[in-house]
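Going in written order, the chains are labelled A, B, C and D, and every chain counts its residues from 1.
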């Protein structure tokens, strides 16, 4: 059961990574990151079956932090939208070189 | 400063000889005083400023063409005939004065040598201070007084004094008058160092120093590029020789551990006869000598050196400096005698130079050029002498040559002086040194005419003039050594030594023949026949003042009778070979090695035959020139046709300068500029390696910054590359 | 004199004082500069006087070393040792031997002259200029007296920034390129040396805290295996070779020389290049004698030295810019020093030191002369001159004498050094010496030719004619006179200098001889008088 | 005394400075929100923040000198390393706010909350400095990061600022994912989240070849690499430093990096020390790539903030050398270097901030042409910072000894990192190319015609400049006090595995 959970977690994590790499919309990108975090959460939960509650405690922390991050992140995306009228990351390249 | 431990107990130590260091110091003082006077005047621009009207006479001078003396131009063009240097009187006193003091001092020492018993069985070495002590090397500033150096000192100071006096008249109107005497005094100082130094390094100081003064004096009228070029050429060519001198010293120090004459001589005695080491040392020394004494292949600077004032040519480029190479070999007599192959080289090169230069002398029009090639040729003679181990004969010819060649140069100076005055009076721009512009001068300059003939007969080898004795002795020595000497037994480039010596002898005769021809030619064109100077100008031709002709007379006497100091034993009886005897303590050892235990003696018959041949050759030469050359047919330089064929080749000195230029100078400059500087320096090192690597780094940086596209997607991909690399590094350890 | 100096405890405080005085002066200079902002001319006058005063004081103070230093003693002289960074084993340790003594005196005596040489040519930001010059002096002196590798390295690097700024701010047209090239070149070398120094310190510490004291490092380094010390020698050698500069690391020099202001060129040539050779003499060779004298390594160094000699001379031959010509001539001259060092005989070593000193004097004087004519004509191209001797005879005389010294005409300082190097090198490196000796020809060729084209030849250019009456002034004559005197004095009577360096040179040679055999051999020991 | 960290009261005592800062920050946030924004208000809150930071610093110093320790069992460390990092972080925060108070006007920022955000970020860093549990590490990183995400976008009028913020956020979150996954795997392999316990577990169960642990460490390395901007995880840094308000750039470049490195060091030295042979090659290469890429790309920068950003990447590479060296000496060299680097980087950004014109967002190097002629002291200070970053003795002051110390650590490392040291110095030659470029622009070029006069430098900025310059130069002449301080808290104080103690670690390059 542990191995399957970890495999699923890895799969989800990979899906998240691939999403980040391929998508161009800031919000979707952010969603993919959230997917990665939750994949890790799955691992933690699975592992805590072996190692005790530490992993589950960690999951609570991660969820809390992810919520805070989501709040800040969405605010940032709104801020950029106000400037560029777009959240397409292809358009956002003032800073380069 | 340490006092001389070596000299204590020497018979001369308590005599005036212990002040011998004053001899070079006098001219040094003269140099300093004259130099200061020259600068002082320069520093205070006034009516007598040397550069006043400098422009005008530059232009004028170029107009005269060639490398001629431009002395009369200087300071005259603006019409101020009284534009003598403000300090001229003082300079006229100091310049020759210090020389006279040195000469007097030299005579005083000579006198002491005469009166003190066994005064110079051993050389008297006067150590002043330690010059370059480093490790095992110890070079002292020390003078060596012996018979050889005394002869040289006498020539240098004696002839030097005469030429200084002559210069007072010759240079009187030159704006650079104090500078001239400063240089001249400095030259004498270095020349005395050269002949008095007790070790090779000290001699080298003088060696280089005279080269330096020669450079300064050749380029004395530096405003003309040709003069400055000639000075530079002299110095650089001499430096090639100096390189040889240096290497010879390295070899001596590395193998003998000492550089003093005494030490090296002693060590050389213990070396292997004909061994590679002594041969190498001698050949390198000879390379030095070819530079200073203008022998093949380094003779090219001397003719150009005639660009200097004529008294300079007389003093430096005839009487003293150029003979330094001969002196060097005589000094190293033992060393050379231990290396017969090197000796033969010296003799062959000397003989070849004698002939080669004589051929060129046949076709020169510039009176000083004739004398210059004559000098080269006569120096070749001297080398033949010292080359075959007849060191005293070489020195003898050195001495007589100093007399008659100084006379010839000063005489020609007189002529040029007169020509200049004449052309100047009529504002003509003709060449005052071209013999085609002279002719018939005997009417105008009788004293000079007579004296010059004495010198000519002397150099041609007509008895009883001095040149006859010295030249004859050299030729006889060569002949004598064809059998039984170490030279005859040695092989030179595979040729038996005796064959080589016969060849040398024949070459010597050939050179003697040509010498007689070109000297007679010079006299004919200059003093005989009709005058070609121009009608107006001829009226202004007149004898030089007595301050100039005076020294000429003295030299004339010396040229005439100077040979008597070393007449052959054949007919002179108890008065024979006095110079030879005098020099014996210094040179006998070397000669002895060459000749063997009991020496070599020619039969009287042979000797008489040789003398007859020599006289005949000289007489034939004069006769050829006298009968074949027609001064009447000559036209002035401006109307002359260009030469053709062999004459052109001779006039252009066999195109040696051009050949050197093409094979050495141009390639060196070309390689330096295109290959080394532009190629390696700015091309490979700077361009490719330094700036190239900087460029590569910058290019990579630019590429990197292009990757920084500003797009989050790119960044994520790069990040992923990192992730994969790290993970694979962790997985596949 | 010696007694008087002992009486005031001279040896106890002189070296730190020599280091501190210029720094203090720099501080004063900055203070004075920040107070005086309006009139640049007034600022120039006050700045140069202050600088001259400080440098003069420094020179006078340093003169006592001539008497107070016992050059024969195997101990370091005027030795001062104080704690600095105890955790790293870095100490403030200074001391001199005969070799360092000469270089220190060369520095302190030359610096006032460089101020005189900058007297009127530096007109903007004068206070900053002289402050940098002062700091530079501390750095240079520090290098010569440092007996702790950390302190040495710090001083070594300290010189870089002032020189970078001096070239870059007060330099010529291509000053930006030249200054950057100078600093990057130098850094490549010196940073590798940094690694080597740290490594040596750690090794000498034997597992404990590092030890950087020269003597301790020396003892340790000589016992290192050949393979390891090869790399260390390489690191040191590259740093020093760049500074010397040896072929092929020399290309920064022409640019730096040409673009630097007069004083910068003088200091570069006269002193900073000598740090390279000094580095070889003090560090690279004695620390790793087995490597330095290893046949292959030695051959490479000798070949590079000889290439430098001939190559520098040949390239100098074709330079259109007189300053560049002198720069390449420096490459050639410094090649002699390297030849002398790696020939490793007492004579050649002393010759190398002599060349070091006399090159400083002659080339320094040459640069000063170039600066003087540049101030008047605003060009350095040889072809722009001609016939200058007619309008500026005193200049011509000085240029001639200095050139002759640079050519190495006997009677001048240049000859003594070159002669000793060559004659000393011949027994151990004959073929290299013979090739090197050919440079007597080239040296005459390039310098005399240039001198001819500058002061001789016809005076045709109106700009040059306009120089009439504008010969060297009293300040310029005054600043050249000591150099001319030194040129002749060292040429005629070099014995005092040779005597001072003899013991150190001999110890070095014997130490290296012993070191390559694997034993410690003689070396200076800690303990001042 | 020694804290027993299982006791909540004692744990709180051990966290006293952190708690003080957080509490103060919350109060200040309320204060900031109380009244409408204005410049005066912003200044008041700013000064109050500085006061709070100074207070915290005092507390940290007091705790540092009173020789407190804590048991190894616990989530927080009480040791010299923590206090040193705290001090660096607090000093950086003080400097940031001091700069921001005067600089915000130029960017048109009037929100007083900006200072409070700095305080929150600082509290995150302080937590990181002491964190000894991966959970705490994660929390610290997030507290710090979330605040800094916002700070980067502080200038709401600037699209560049917003873009910087967005990029930092997205990529930061992405990297956090890796870090977190790594933590999960490490937890899975060892069953521990406490750093010391992880180390113990590795030693006890000999996990040196455990694949899960190795992959976990690799993933954590990626996360850490991102936070410290090591190549190839550095791509965000130039853009973010460029777009952010300059004081915030300084804050990120100096303190954020210091804090992230602090926890990096602690985890690697205390937990993963015995995995040396596993991670050393990767970190070695990471260091090399970072040094090379940072230096090379920095050469072609025209914008001074971007140039400094690449410079900060380069210095991450140098610090990674200290991580690779893995010795007690290396940890002290690391601390020393962080101090020197923070001073210099902060100073350089302070100069950039004071050079900025009103509303200007693109700070070009060419703006500095001839600066010496109009602002000699500013130019001189900048030169000192740049030379310090270059590692030049005396003129670059302590920067040289920092580099010296690093080289010493590399050469003395058990694994012998000679080649790494050589690469370090060779790449720093390249760095001379861009550092000296700025010096030459400032000193050697004339001030261009019509170049705007730099705005007057405020007194707070002056104070920041003066303090940093004096510290750099002073410590550059007499560094021994600082060396002493860093040596008091050398890592690792935990026993090596027998394999490591016997002879050299199995790692050769």
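By definition in this document, contacts are C-beta pairs under 8 Å (C-beta built on N, C-alpha and C of every residue); 3 or more make two chains touch, one makes a residue touch a chain.
Remember, predicted model here, so these are calculated numbers, not experimental data.
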Chain centroid nearest the full-protein CA centroid: C
Rounded Å distance between chain A and chain C, as computed from the means of their C-alpha atoms: 64
Gap in Å, rounded to a whole number, between the CA centres of chain D and chain A: 25
Between chain D and chain C, distance of the C-alpha-averaged centres to the nearest whole Å: 42
Approximate Å spacing (C-alpha centroids) for the pair chain A, chain B: 96
For chain D, residues contacting two or more additional chains: 166-167, 170, 174, 238-239, 300-301, 433
Overlap residues in chain C, where contacts from two or more other chains coincide: 184
Residues of chain A engaged with two or more neighbouring chains: 17, 20, 29, 89, 92-97
Those chain pairs that satisfy the touch definition: A-B, A-D, B-C, B-D, C-D
Chain B contact footprint on chain D (complex, rising order): 166-167, 170-171, 174-175, 178, 211, 214-215, 217-219, 221-222, 225-226, 231-233, 235-236, 238-239, 277-279, 281-282, 285-286, 293, 296-301, 430, 433
Footprint of chain B on chain C - complex, ascending: 181, 184-185, 248, 251, 311, 314-315, 317-319, 345-347, 350-351, 387, 389-391, 393-394, 397, 404, 409-411, 415-416, 419-420, 422-424, 426-427, 430, 433-434, 437-438, 440-441, 444-445, 448-449, 452, 455-459, 465, 468-469, 471, 492-495, 498-499, 502, 505-506
Chain C contact footprint on chain D (complex, rising order): 387, 392-395, 400-401, 404-405, 407-408, 411-412, 418, 421-422, 425-426, 428-429, 432-433, 436-437, 439-440, 443-445, 478-480, 483-484, 487
Residues of chain B touching chain A in the complex: 705-706, 708-713, 716-717, 720
Complex contacts: residues of chain B adjacent to chain D: 694, 697-698, 700-702, 704-705, 708, 710, 712, 714-716, 718-719, 721-723, 725-727, 729-731, 733
